[in-house]
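I am attaching a structure below and will ask some questions about it afterwards.
Each chain gets a letter, A, B, C and D, in the order it is written, and its residues are counted from 1.
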Amino acid sequence: MGNFKGHALPGSFFLIAGLWWTVKYSLWYATRRNKSAGAGRIATRALQHRLEIIEGAVILSFSVIGILGEQLATGGPKFHLYDSSTQHWDKLMNWQHTTMYLFFALAGVTSLTVHSTDGAPLALDRLLLGLAFFNEGFLFLYHLHGRDMLDVHVHMLLLYAVFGGAIICFLEVFHRGNILLELLRAALCVLQGSWFWQIAFVLYPPSEVQWDLSDHNNMMFITMCYSWHLAFALLTVAVAHTIVLCAVRSKLRRMPPMEMGLLKPREREGDSEDEVF
Amino acid sequence: MGNFKGHALPGSFFLIAGLWWTVKYSLWYATRRNKSAGAGRIATRALQHRLEIIEGAVILSFSVIGILGEQLATGGPKFHLYDSSTQHWDKLMNWQHTTMYLFFALAGVTSLTVHSTDGAPLALDRLLLGLAFFNEGFLFLYHLHGRDMLDVHVHMLLLYAVFGGAIICFLEVFHRGNILLELLRAALCVLQGSWFWQIAFVLYPPSEVQWDLSDHNNMMFITMCYSWHLAFALLTVAVAHTIVLCAVRSKLRRMPPMEMGLLKPREREGDSEDEVF
Amino acid sequence: MGNFKGHALPGSFFLIAGLWWTVKYSLWYATRRNKSAGAGRIATRALQHRLEIIEGAVILSFSVIGILGEQLATGGPKFHLYDSSTQHWDKLMNWQHTTMYLFFALAGVTSLTVHSTDGAPLALDRLLLGLAFFNEGFLFLYHLHGRDMLDVHVHMLLLYAVFGGAIICFLEVFHRGNILLELLRAALCVLQGSWFWQIAFVLYPPSEVQWDLSDHNNMMFITMCYSWHLAFALLTVAVAHTIVLCAVRSKLRRMPPMEMGLLKPREREGDSEDEVF
Amino acid sequence: MGNFKGHALPGSFFLIAGLWWTVKYSLWYATRRNKSAGAGRIATRALQHRLEIIEGAVILSFSVIGILGEQLATGGPKFHLYDSSTQHWDKLMNWQHTTMYLFFALAGVTSLTVHSTDGAPLALDRLLLGLAFFNEGFLFLYHLHGRDMLDVHVHMLLLYAVFGGAIICFLEVFHRGNILLELLRAALCVLQGSWFWQIAFVLYPPSEVQWDLSDHNNMMFITMCYSWHLAFALLTVAVAHTIVLCAVRSKLRRMPPMEMGLLKPREREGDSEDEVF
């Protein structure tokens, strides 16, 4: 889908995913820190469990929608891969996007399996998410042959966020529950989302003025622009994180103190799932 | 051996190795998890020991067969390296493949030594396996000069699986017994195997229709095809892993409960060798 | 600011920062080592806290000064980004430098927040410092298109120190308080500072004699020169480290022994902040 | 020193260093493993200490000899850097080699300081050794402009061993005393040494027959040759390691059993210095 919507749509998905991760991990973090103050009552383990399963299901359904959209939309290949009349591959672009969604679908299925059964090791969800990001970057890397200089450049810049996200997922396989890695991943996801929107505005500007795709000054501006997006993503995550922390704290203050007899079992219930690993 | 069989043969070896590793590590994993249920009786330490030795012997013998095949087959150099009459190196291709097999033979010998004596540190087998993969990738990297675009590309893609396998082996030197790393290595090995078959079909198609080795569309298709092979490898490993886990569990359920007096010593016998490290 | 002062100024900042870090971390290190001898009285935890806050404030104010300098100096863009009359981006160089300073300002703000409140995880200051270095290197990397060979080369060499510093900051997120990493970061910062001065002398020589920017011999000399700067940076850090260690030791010897009753609480006060992490 | 001796000399040094490291680390390893059998009497801590100091002194003196050789030999620059008559840098080759030796001299000084005083952290010797290897590779990397294809290639291959050694040294900063890392470093050092000899024979053949420096077949042969050198280095280290282990064991068997009263203090004396870290 080489048009405005084809970049704005995944951009919105990644923006929402990044914000959602920020809220989720900030909530877990606040729960762990204020455990003695009874924060376990806000985010119990059962709630965590349910949220993880919902997240997996949402990722899976969005990926399936993406696959169907790429295949069945007007101009899509409708699951035909090879046009034997012209002896050419048919709409390889759409197939490549389908493949990207496929790996995110795999990550969603894995997340569902890991959190709804107890047979699989917990870190598997991060491994598959890392592979999904890696696969996205891998396909983008060999996707750009023969395009305009600026077109290539904006997609190359995207790879920093994509491969950065993949590396952080792989690190999380070994350092699960590290709040810094989780928030950095969320920030890179926000960056990826806002950059998709930027690409849409650069390559398919809704206004009359077109960008000169081979001007060196535009290259330099776009590079700097990427830094600004990164700064914006960091600020967004920081603000969302602070709001969640403050909300949890103020809610805890308004809660009546628990009776001591109830404290022990509830606290244990509030243990983060990640600590079980 | 620049022909169909020369790619299909190593491909089959890697496919079998990947599947075998999946089964082996899944079995160890199930044993560790269900230790209290008496799983030690299914895979005792003595059995683990014997299997590791057999694996080392098989790798060694296959590598020796590979070396002899490369050297003595029709058109092979028959251990002559330099043709002094023409002042040229003789059949360097075969010699390079011989060198690849040589490092896997070294890895096999090391595995045999590590598991049959107790003088060497356990992680040495992974280090040598990692070096064997690294050497394979290293030789492929300088192997491709002056070939067709698609020919170069399919071999470059192979390097992702080869170097990925090497990196995971080196990580296993420090994180031995991590089921995720072991299964990921198995998946990359399956990927390598199935990709060798793909290369065989692309470069030496058994049908009449030849691939256009300099068509950009073919490049893009092949890249995407690699992603599908990766997804296929992940699925294969996941299915094999699940079957082994279920088989172990159903076998445990059918076993009569042990007498308590026997439990302690047998359990200890079932300790995974890896945990000794 | 493509002139002598534009390189000498940041060079001086980095030189001072590198020396300051050497002194600070050497002082903490000496405090930790000689805790039993009462070194806690020299660098108490309250002092550490105050120093970290001052450091954050200094980084922040220098970055703001840098931003204002780049924007408002003669020839600066004065916060205009786009010249709509000529339809061109305005003074992108200055804007890029502004962006570099912006990330160091973010790192300063983060350091202030982390050390003055207790809501944020301690390692966050290193993460943001690492991102600031990474962003500096990232912008330099796409900054050099179409310049002279030697001009490109001296800036590429700078990237070793910049990205090296970024990698060490990321390592410190996981290995906080490792004196070797801290001193290596200080040394790379000194290297960066002295190399900025070297660039200033090469590209804008104050003497009459100009460097031939396309001579291969100059390239080779400059490369070697970089090694000398590294050796000089290592020596500087080593000498400063030794002086601090000796000063702490001689001061401890001259201090009257504490009374035993006072020892316990003061010692605890002297605990390094880093160990709390 | 672009001649046979100029490559054979450092080659011999690296060969000896690699063998020496194999023997040293194998001895420490055998001591640690057989501590209960009284192996502490073979390699006491005092002996370890003395050997480390001797090693540092030898590295330092060889480096100083190398520097003096490069500078004062016939055709050397005799510490003149700039020829103001011709306005050219003087004998940059020799100066680059001098710089390489300089960093190994720094590593030697550091090793001496670390092991003879107790002010510096133990891992500092590995950090400086790593920097020395890194600097060697860094200078080689920018050393090769405009030479023959095969000349460039044989030096590029050298970089695998050089940077590999640097990476392992940096890993040892965090994983000190890991026998696998120590032996792998020794093997890469042997590889570097034997490859210097190979370079000498390729570029300055003592026989009449010259190598064709732009023949693609020679490139392919040399690449494979590098793998053989690696296999040879691994075998050499394995054999030397086995001999040392066997020698220690047979010596222990011939030693009379110690009296129990003496066992405790001696054992402690035999603790590896590395474990103190």
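Operating definition for what follows: a contact is a pair of C-beta atoms (placed from the backbone, for glycine too) under 8 Å apart; a residue touches a chain by one contact, two chains touch by 3 or more.
Chains and their UniProt names: A, B, C, D = Transmembrane protein 45a.
Keep in mind that this is a model prediction, so the values were computed, not measured.
Residue numbering shows that chain A (Transmembrane protein 45a) and chain C (Transmembrane protein 45a) use the same positions for less than half of their mutual interface.
Rotation angle for the C-alpha superposition of chain C (Transmembrane protein 45a) on chain D (Transmembrane protein 45a): 90 degrees, rounded in steps of 5.
Centre-to-centre spacing of chain A (Transmembrane protein 45a) and chain B (Transmembrane protein 45a) amounts to 32 Å, using the average Cα coordinate of each chain. Work out the mean CA point of chain B (Transmembrane protein 45a) and of chain C (Transmembrane protein 45a), and you get 46 Å between them. In chain B (Transmembrane protein 45a), there is no position where the chain touches two or more neighbouring chains simultaneously.
Contact topology of the protein chains: cyclic, one closed ring where each chain has exactly two touching partners. Touching chain pairs in this entry, ordered by label, are A-B, A-C, B-D, C-D.
Within the complex formed with chain B (Transmembrane protein 45a), the residues of chain D (Transmembrane protein 45a) that make contact are 160, 175, 179-180, 184, 216-221, 223-224, 227-228, 230-231, 234, 242, 245. Listed in rising order, the residues of chain D (Transmembrane protein 45a) touching chain C (Transmembrane protein 45a) in the complex are 88-89, 92, 95-96, 99, 102-103, 106, 119, 121, 123-124, 127-128, 131, 135, 138-139, 142-143, 145-146, 173-174.
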